[in-house]
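Supplied in structure tokens, the structure appears directly below.
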Amino acid sequence: MTATVETATGQRRLTTAKAISEGIAQEMRVNPDVFVMGEDVGPYGGIFGSTGGLIDEFGPKRIIDTPISETGFIGAGIGAATEGMRPIVELMFVDFFGVAMDQIYNHMAKIHFESGGNVKVPMVLMTAVGGGYSDAAQHSQCLWATFAHMPGLKVVAPSNPHDAKGLMIAAIRDDNPVLFMFHKGVMGLPWMAKNPRSIGPVPEEAYEVPIGKAAVPHPGTDVTVVSVSMSVQHCLDVAESLEGKVSVEVLDLRTIAPLDREAILASVSKTGRLVIVDEDYRSFGLSGEVVATITDHDPRLLKVPVQRVAYPDVPVPYARGLEYAALPTRDKIEAAIMQAMKG
Amino acid sequence: MTATVETATGQRRLTTAKAISEGIAQEMRVNPDVFVMGEDVGPYGGIFGSTGGLIDEFGPKRIIDTPISETGFIGAGIGAATEGMRPIVELMFVDFFGVAMDQIYNHMAKIHFESGGNVKVPMVLMTAVGGGYSDAAQHSQCLWATFAHMPGLKVVAPSNPHDAKGLMIAAIRDDNPVLFMFHKGVMGLPWMAKNPRSIGPVPEEAYEVPIGKAAVPHPGTDVTVVSVSMSVQHCLDVAESLEGKVSVEVLDLRTIAPLDREAILASVSKTGRLVIVDEDYRSFGLSGEVVATITDHDPRLLKVPVQRVAYPDVPVPYARGLEYAALPTRDKIEAAIMQAMKG
Amino acid sequence: MRIRTYEATIQQHYHADKKPAWDIGAGLIPGEMHLAAGQEPVAVGLCANLRDDDAITAPHRPHHLALAKGVDMQAMTAEIYGRTTGLGKGRGGHMHLFDPSQHFSCSGIIAEGMPVAVGQAMAFRHKGLDSVAVGVAGEGAANQGAFYEAMNLASIWSLPVVFIVEDNDWAISVPRDSATPVKDGSVRASAFGMPGERVEGNDVERIYEACKRAVERARGGGGPTLLEVHTVRLWGHFEGDAQAYRGEELAEKQQQDPIALYEARLRADGLLDDAAVAEIAATAQAEVDAAIAFALASPEPSPADLLQYVYA
Amino acid sequence: MRIRTYEATIQQHYHADKKPAWDIGAGLIPGEMHLAAGQEPVAVGLCANLRDDDAITAPHRPHHLALAKGVDMQAMTAEIYGRTTGLGKGRGGHMHLFDPSQHFSCSGIIAEGMPVAVGQAMAFRHKGLDSVAVGVAGEGAANQGAFYEAMNLASIWSLPVVFIVEDNDWAISVPRDSATPVKDGSVRASAFGMPGERVEGNDVERIYEACKRAVERARGGGGPTLLEVHTVRLWGHFEGDAQAYRGEELAEKQQQDPIALYEARLRADGLLDDAAVAEIAATAQAEVDAAIAFALASPEPSPADLLQYVYA
């Protein structure tokens, strides 16, 4: 409805939320084994709109509202997946992972390996991440590095509607468990401030965006800015604003695990300057792994200190001023780029 | 008993397990608010001996065997800590964290911050880590980076009996939640193959090893080897075997969070060559953070590619040959050092 | 007189809860906001049995419980406004209110306060106190594993805990019927060998009596109790929830505002009249206004202090 | 004749379980080893009611259930020996046995197989099959939150699941009494509106009958059931456990070896004699020996293949 906008050229523009639910619907139409399960995914349509409208088309047998029992229903997703279904399970906020992490990690991620490849767990676990709207310490985190650290999972986090739809379809079709992390800020929700990039052109047909492949939405030659999810939108804003001054190459990882190391190396080999923008916690996370990707190969590719614009090692504070002091904002990204250019 | 050995010089030698339980006992004697809770911590003495003998001295009111309800009893530890107790709670294997991660992370680690410093959670969560004895994918992991990634926790992992006792006492006295990770291989258990370094001299009196400070158990000038926990024992074996050939500086982090970045920088500034040995998974973990510590400062300190001898991104396999192909063994460490020296 | 005091308290809380909601749009209170309109009888009926040294762990919908427990309204309001004078100096926010003086805490993760209450009770017993710990959760939360683990621990250790389920028939958009296969949730107590009781009617006096039994039992060393209280969620799950999923049931429930009903009863009994109601309303309003004024006059935390309070 | 077949199966399993234990010292079977001696009646009584297309999720102590379910003894043994011909090609080990053809799986994390069984039942229903999913856990595991969440889901969705608690009185060194406040764990079924039953006596025939009722109910669309079966742990929690904590109770329990007791009963009834027993024992022994020989003759995985099977 309000989520669909026709552009002058007739190209359809969707919010990310709508793009995701459209991708799910298209796969559900062709594959009866796909179903959705989670809290408030039915009539409510998902707290962040990821399942909007699905209940009307597919009914409560395939769009299943669950009790608040994440271990129970994520485990049930695993059981269904091992018996040939392709469940899409929503964990309302990633911050709640701790009540169900054993299913996610010791089971969903490991069964395939433990079975010597004999059992497949083709399942999508989708979850909302990110802050910026004062939802405080238990409802605002990204935590992708937590999951990427643990072998067996694929982890994706789109930055725009086009990739969201394509990654969702790829995730559903993948024979592995895929953690699909959508940032609330990219969903294009009517009740949350948003970057215009959260609404964008989305092809009508079903298509895949390949898991494991980064994109270069803004090519450049002076400095590499590696980012993912919501922060990519800020990076693009900054890169555009610096056009003519600094030639910024923005790399949108799109997938966190497996990491597209070739793309990182290729860009840094060219620029020699690296800024990493990450809304997940700074230490023991994505930013370190991106750096190590370079130093495994050759630290001398790096001409200057690496700038890590990551969430500092502090729980997410409630007060807006504090939260924005922590978040990777445009001004911090720009300052980091300028610092990298100095060295 | 068998755990205590008097050396010729009269210096008392203990297993790490005995050193830990002695440290706990000494604090329990002076502080009635300290108590121990967990599965099989009573008459059994802890599956890995961390609470051996305590029930005899302190009885079942202070050494509490729990039902198998980790969320329940870790949460109870938090509640007791916020009301002025100093609980030591054992999570039998770190691999089980997923059934209780919400208490560990959303509560134990964050309450102090959320309360604006008004509530303290002085609690030790101790847990067994590590593999090497074919306990497979759900009982062999280290996972320290998982916890270190999340702000609010202190994470320690001793490599020898002396540090284990001192870190345990420091952890009990600390006003923060401390995750105390003991590697099964360093405990000196009679029923597991072990490095002689798992039994060593331990002072009789209560003492602290400071949390947040690395040690340099083997100074050197050619190459820095950063490691922690069990792997430190292997690094020391290799460093000693290479004496006269390569001057290896072994850095034992002892604490993972907060990371002793000064110690890392100081050593690498001197050697310019860095090997990281880590039994936790390679990607998005400790090894990346150690590297980033350098590149934040100046990547040009690194003369050659960094060698990461870490657990590859694969769940822990059962078969011994496969498991040892994954573990950071002495031969891999030596090969990495030689490779670093080549560059 | 006792009843009269209740009424005043209820009304205060009612306004205290309502008032902040209307301010959300202005942006002075950012973030999710879960208000408890309709559930005041639970808080009042419970807390009238509690002392300052008793503990409560509250869920994501905590204001009514906090105010009834005696948490300072100004410090709580300042926290909700994200100010340094707040309970958490602006770090916590409305789902993370901690008042050590009232042994009050809450969490945005449903049911996870239940184990914490068990530990508080352990500490009380260890210290030889006769304080009681109360864990409160919604009926939706009561299907979370943590809740059962906590009941089991409290029972096997015979701890002074009272478990309270606020059954308001809804967990966001999911009706109780489609999540909970038993009509009377208090039967779950028997799974852990403890007494359980369901209180119907959202009636402050009946709730008071049931809580009294449970609290006295806990305080007297008799161990834990599970109470399920049938109550009403008058408003949306959080502010901004249009409640399209509720249909006619909503209008019906809105006729069941416990404050209006109780007021009517007290009037009928001759215990309240227009003047008294007006006075109570005015007092409550003044207190709430003062709390908000206090919050607004308080400084916001400085971004320079971002890294404070990570470690003690 | 039916009973006779049971006996043979039990005895096979008994030996099958015992045999690997004695090999641990030799190092051919590394790692933890949880054997189920004494608990065979549960496996046999249950599995006699199951078809190949029914599912079981087993806990850390899985051998008896696997063998009774029909998991190939050779492939299972090869897995325990860490060989490429094993169920998991040597990756899984004794706590992680997966046999898709028998819909058999297990996990070393206690109680976490229960939700998985719920999902298997969802898949069966979705596909229009009348298969049943069985989740098995110990009495210690029954205090883990996952177990309750699973029962609640199975009940609210009326799924074809049977929950079985093997109550062997011990969770490693922790006796049931100090962990579980109810004598009859099957009362917990009522907390989720489903039938529950406790079976005393570790008697294969009674267990068979109770499982029959539960499986038929599930298969017929009647929804889930909780069964608690009182059984016996004859040996240590894992091999190497000296069981110092058990005291006299151990000697007493060792008098209650269900296989010996059942053998005596069958002999008394004239259904077994020395020759038959000897033949059964020899057959079982031969099968087990063959499985071990198969495992020993199988190749170990190549270290070069370490990174295989992380992703499909």
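Lettered A, B, C and D in written order, each chain numbered from 1.
Methods note: contacts are C-beta pairs under 8 Å (C-beta built on N, C-alpha and C of every residue); 3 or more make two chains touch, one makes a residue touch a chain.
All of these numbers come straight from a predicted model, not from anything done at the bench.
With contact taken as defined at the outset, chain C and chain D are each touched by A, B. Relative to chain B, the chain whose mean Cα position lies farthest away is C.
Chain geometry summary: the mean Cα position of chain A and that of chain B are 32 Å apart.
Rounded to whole angstrom, the centroid-to-centroid distance between chain A and chain D, based on C-alpha atoms, equals 41 Å.
Centre-to-centre separation between chain A and chain C, using Cα means, comes to 35 Å. Contact with two or more other chains is made by residues 88, 90-93, 96, 107, 109, 112, 143-146, 149, 152, 156, 178-180, 310 of chain D.
Contact of a single residue of chain B with at least two other chains is seen at positions 66-67, 69, 71-72, 95-96, 98-99, 102-103, 106, 113-114, 136-138, 151-152, 312-315, 317.
Chain contacts in this assembly form a complete graph, since each chain touches every other chain. Looking at the complex, you find that chain C touches chain A at residues 30-32, 79, 82-83, 88, 90-96, 107-112, 140-141, 143-146, 171-174, 178-180, 240, 244-245, 300-303, 305-307, 310. By the touch rule above, chain D contacts chain A in their complex via residues 55, 57, 86-93, 96, 98, 100, 103, 105, 107, 109, 112, 114-124, 126-127, 133, 145-146, 149-150, 152-153, 156, 308-312. Across the interface of their complex, chain D is touched by residues 39-40, 42-44, 47, 65-72, 95-96, 98-99, 133-139, 191, 312-315, 317-322, 324-326 of chain B. By the touch criterion given at the top, residues 71, 95-106, 109-110, 113-114, 136-138, 145-146, 148-152, 257, 259, 281, 283-292, 294-300, 302, 304-306, 308, 312-315, 317 of chain A touch chain B in their complex.
Across the complex, chain D meets chain C through its residues 143-149, 152, 155-156, 178-182, 187-188, 190-194.
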